[in-house]
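The two complexes that follow have chain A in common; it is paired with chain B in the first and with chain C in the second.
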Partner chain A sequence: MATSTEAAGTIGATSPGSRKALIAILPLAILLYAVVPFILRGQPYWLNVMTNAAILSFGSLGVWVTFAIGRVNIAQGAFALLGGYTTAILSTVFGLSFWLCLPLSGVVAALVGTLIGWPLLRLRGIYFAMVTLSLTEAMRLLFLNTVTLHDGGGVLNIPRPAGIDTPLDFYLFAATLLLVGYLAVWRLAGSRIGWVFRSMRQNEELAMSIGINVARYRVFAFAFCSAMGGMAGASFASLQQNIYPATYTVTDSINFMLYCFLGGLDFVLGPIVGTFGLIIAFELLRSIQEYQALLYGALMILVMLFLPNGVLSLPSILGRFWRSGR
Partner chain B sequence: MEQILVNGAILSANYALIALGITLIFGIMNVLNFAHGQMFMIGGLIVYTVCVVFKLPYAVGLLSAAVAVGLIGMLLERTLFQRVMRISSREENTMLLAVGTALLLENIALYVFGEKQRGIPPMVSGVYRLGSAFLPANRLLVFAISLALIAAVLLFVNFTRQGRAMRALAQDRTATMLMGVDVNRISMLGFGLGAALAGIAGGLLISVSGVNAGIGTAISTKAFIMIMIGGAGVIGGALLGAVALGFAEAIGYALFPGSVTYLLIFTALILFLLIRPQGIMGKPWG
Partner chain C sequence: MSFLKVEGLTKRFGGLVAVNGVSFAVNQGEILSVIGPNGAGKSTLFKLIGSFMTPSAGRVLLDGAVISGLSPHKVARTGVVRTFQETTVFKEMTALQNVVVAHQLGHSAGPVGAFFASPAARADDRRSQENAEEILTYLGLGHVRNELARNLPHGYLRTLGIAIAMAASPRILLLDEPFAGMNPEETDRAVDMVEGIRRRGITVLLVEHDMRAVMRISDRIVVISFGSKIAEGTPAEIRDNPTVIEAYLGQDDETIGH
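On to the complex of A and B.
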């Protein structure tokens, strides 16, 4: 993965697009590769927290893509579960290496996403939200009733990724995954496809009328999202070495959505800021862990009331406030 | 077989209360109430507190559940939903707000009532026989109360001044306002009524199967299934969805082990939505 950023760096001198990519990704890369490991060196617990946050951000970046086409997707937990089980079964039953399982989990999730998404994406608004929520629950029940390796449908003793042993290794892997995901979504959002997505969010009929194959684009967005969910689930399964049908429930699907929303739906960085913000905040608030979920709810309502466009919209609001104050 | 029909009918009547409530809120406010299951749960736990902890009669418990949950609904509508509906730029926002209130209510309930599964002793004892089916008197009472309430809500919505205003609001907000209806008041009333119905449904079901603080999401999911089958925002559709889900559940639990029933219901639902995405009685993207 380092090669791709290096390549971007060398071409960057000539092509303005690549230079923009470098500017977009460099601060995040420095933060993830240098600042975080430096501050948290020798603190495996906090490195684990950051690893979790990075992988969860990767999953919520996927949800952001479906938000970009104007669909509220509450199915990311289902695809994380699917990806997790794909890796769990491939690595324990067939002995495949994690580095093969990870892309395969993404592929399986994308295929299932395409198959399910093709018909379901005809639904809109609350219908799509409700049916994706049902999908999360259906996926849990599916694994509960079909996987018989262990009582309760779980898979245990999933091998750790080869070559990854210390918490720092885990963290660097998660950070790399996140950077690649960020670069991919950032590139997607800025490309022609990104503009097609935005036009679909505003008015699907209008987009259709100017010759955009809306059905194909929205399935692509959903499959892209599902693949990211599947890879996030695969990474978690391997890091935690077990997976159960209840590992991802409706609550997790809602959380993925919540992270995007909290960061701001208009920014590619939104899901990353939202996830890290919430995860770190609640680690710091561990002493009042009893009220954690209560605060989640209250926070969500407060943001809804006062920052309906997410935390990242704060600078522009403050800027406007400052200008009008003068 | 008769037992399955009896169970299905009782479940359907109770689910109809849930579906009616969420449909009223959706129709009038265009808000998908994610907190509906949590309101159901709070209703059940209030009945438990009044009847078991304070040892008051069941009727008092049910009434206080209806009033308390109705007031919670009205309060949420007035303080949160009205503001967000006014300032929001995306239509998802009210839905996300509802998710937030669901989280909040669930955790407040966890804190206030604890996480134990709660039930109350049956209000009436005795068992009737209907052909080969057993029909406990308690369930018959629940069934009768549900049916009476459904009838009352239908009469209210169809034949009273406020009910007519609610239906008008569901059709066209601006036109209703122009006719001199106090839109904010009617919205609050509708939200409160929908919430109260959820509370009553919880208060009724706690005497049959018990309620715990974590049951909300499962109930909301059931409510969503019902309105997806029937069509969102259509009262007839809500009742139809409730009957479909109630009988599907009763038949499934009789034939399949445990969680297979809902797996089949979800699969059937997705296949059904392929053919009719707007539900049986829903308007296409209306």
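On to the complex of A and C.
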């Protein structure tokens, strides 16, 4: 990982809490809290797009965590759906506040992630990817056939979170959620646990041989990812005020993964850059929406060919180019 | 006093018996080598001891407690740590990171503490760091500590593999063919290194092909052929053992002590 080379042999030891955390998060915080609201003031539509991107980024960050242990996870849509339905049902049927539903959705997704992940994570490579892909479809069918509140398995009239009334409010909530998620994953990646993840990604047998409980760490990473997916789904359901089995499909699961790829798997910021980049590009290219999939595909091929480590690897590549040119 | 004990260890693959009722004991502080012709079952035996494979029969004990059947990471945590053949390291980490991450025992902070970078976790990290620096220097890799493992020359990778295992706090180190493919000069250095490991109080059990190195380094030798133990003794005893000579003369390219 590029981050590991940059760290030059220091695990955790040089990441003493607050000051470094501030440096890691401050630029993103300024961007999300100041720059974006300033530029988009009075444009609720675009603010909504950014809210959406922030929530999806939060879900992508989770997928990044499963990438960190060397698994291609195409199930995030399933957990977003699960979290969305948890919030939908808890808030409409039981009248629970969104602020309780949000963490509960994370917990439910993490529990289901643990149960499903324990057997599935033995699989590697394409096999794990394929099973997670079908998991998304299975989850859609599950809600389609079990939720009878409304035709087609939908839940409508989900209340908005208490205290959040305007698009700006919702944007600020999403931005906060994203910042907290970013800080959590950044800390995880920089801690001993993150290094254990890296070791597993590079060689599971060797990791076992030095006493790492690979099975348990794998499940932890997957549950962590699922919790983030669940919370993203819960937030989105509350933003849209409805959820349907088709709110998250296989395409969404694949997109979560693509966002990570595009931004760069070596960087915690990768999934955020990838998500915002693609979502904004999506919106700007709305007029040619029928070619969206084609453009996505072409873009991915280009990135894989020329920037296999994602957009965020560009500075170091340019740096090398600059140095060798002199 | 026997430290690691192998009792009647057997592994069948269908009709094939790869390891057949092998028993021996490793004493604390010694270097014991398991040798045998190609296909004798050395690698299988090695995997069985490290619990990377489940025996069909028999058991492995450490300090009188059964460790066979435990999962590999638990066996590693009892102090039975293996290395791998060739160059199994974390290729995308620096040499130092490879060894730091292998320091998994004796942390005072739990996962939650590690996540929040508690003072205890930071002290753990510092200790892992110092421990890794010390091991790398001891094994002569100090000058390449910040190189990415994938950029290191072949010979260094094997040493790095041993450094990784040493960071896992082994009481007994299982070395899988540590001298394979080395020229005499490299073998000399590797032999010195294994003796250095023993001087640190680590018992060494090695599985090896290279007779010359084994004869020099071992306190005792166990010979297996076609899955069964055919001899056990000091290097001198093994060299003169007619059964061993016969087993090896059956091979084209193997002679004892050449």
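Definition applied: the second predicted complex is superposed on the first by the 310 of 326 C-alpha atoms of A that agree within 3 Å, B and C clash if a C-alpha of one lies under 4 Å from a C-alpha of the other, contacts with A are read in each partner's own complex, and residues count from 1 in each chain.
The working rule: contacts are C-beta pairs under 8 Å (C-beta built on N, C-alpha and C of every residue); 3 or more make two chains touch, one makes a residue touch a chain.
The structure displayed is predicted, hence computed values, not measured ones.
By the touch criterion stated above, A:30 is placed in contact with neither chain B nor chain C. By the touch criterion defined above, A:281 lies against neither chain B nor chain C after alignment on the C-alpha atoms of chain A.
After overlaying the two complexes on the shared chain, residue contacts for A:202 are found with chain C alone; chain B is out of touch. In the superposed model, A:93 lies in contact with neither chain B nor chain C. When the two structures are aligned on the shared chain, A:149 is found in touch with neither chain B nor chain C. Touch criterion met: A:124 reaches chain B, while chain C stays clear of it.
Ranking chain B and chain C by residues of chain A touched puts B first. In the superposition on chain A, contact of A:187 is made with chain C only, not with chain B. Legend: residue contacts after superposition of the two complexes on their common chain; A:135 is shown touching chain B, with no touch to chain C. Once the two complexes are laid over each other on the shared chain, residue contacts for A:318 go to neither chain B nor chain C.
Within the complex formed with chain B, the residues of chain A that make contact are 67, 72, 116, 119-120, 122-127, 129-131, 133-135, 137-138, 141-142, 144-145, 250-251, 254, 257-258, 261, 265, 290-291, 293-294, 296-298, 300-301, 304-305, 308-309. Put simply, chain A touches chain C in their complex at residues 1, 4-5, 7-13, 15-17, 187-188, 191-193, 195-196, 198-199, 202-203, 205-206, 208-215.
Taken together, the chain B residues at the contact with chain A in this complex read 26, 32, 80, 83-84, 87-93, 95-97, 99-108, 110-111, 217, 221, 224-225, 227-228, 232, 259-260, 262-263, 266-267, 269-270, 273-274, 277-278, 285. Contact residues on chain C toward chain A in their complex (touch as defined above): 50, 52, 71-74, 76-77, 81-84, 88-97, 100-102, 104-105, 107, 111, 114-117, 121-122, 124-126, 128-129, 145-146, 148, 164-165, 167-168.
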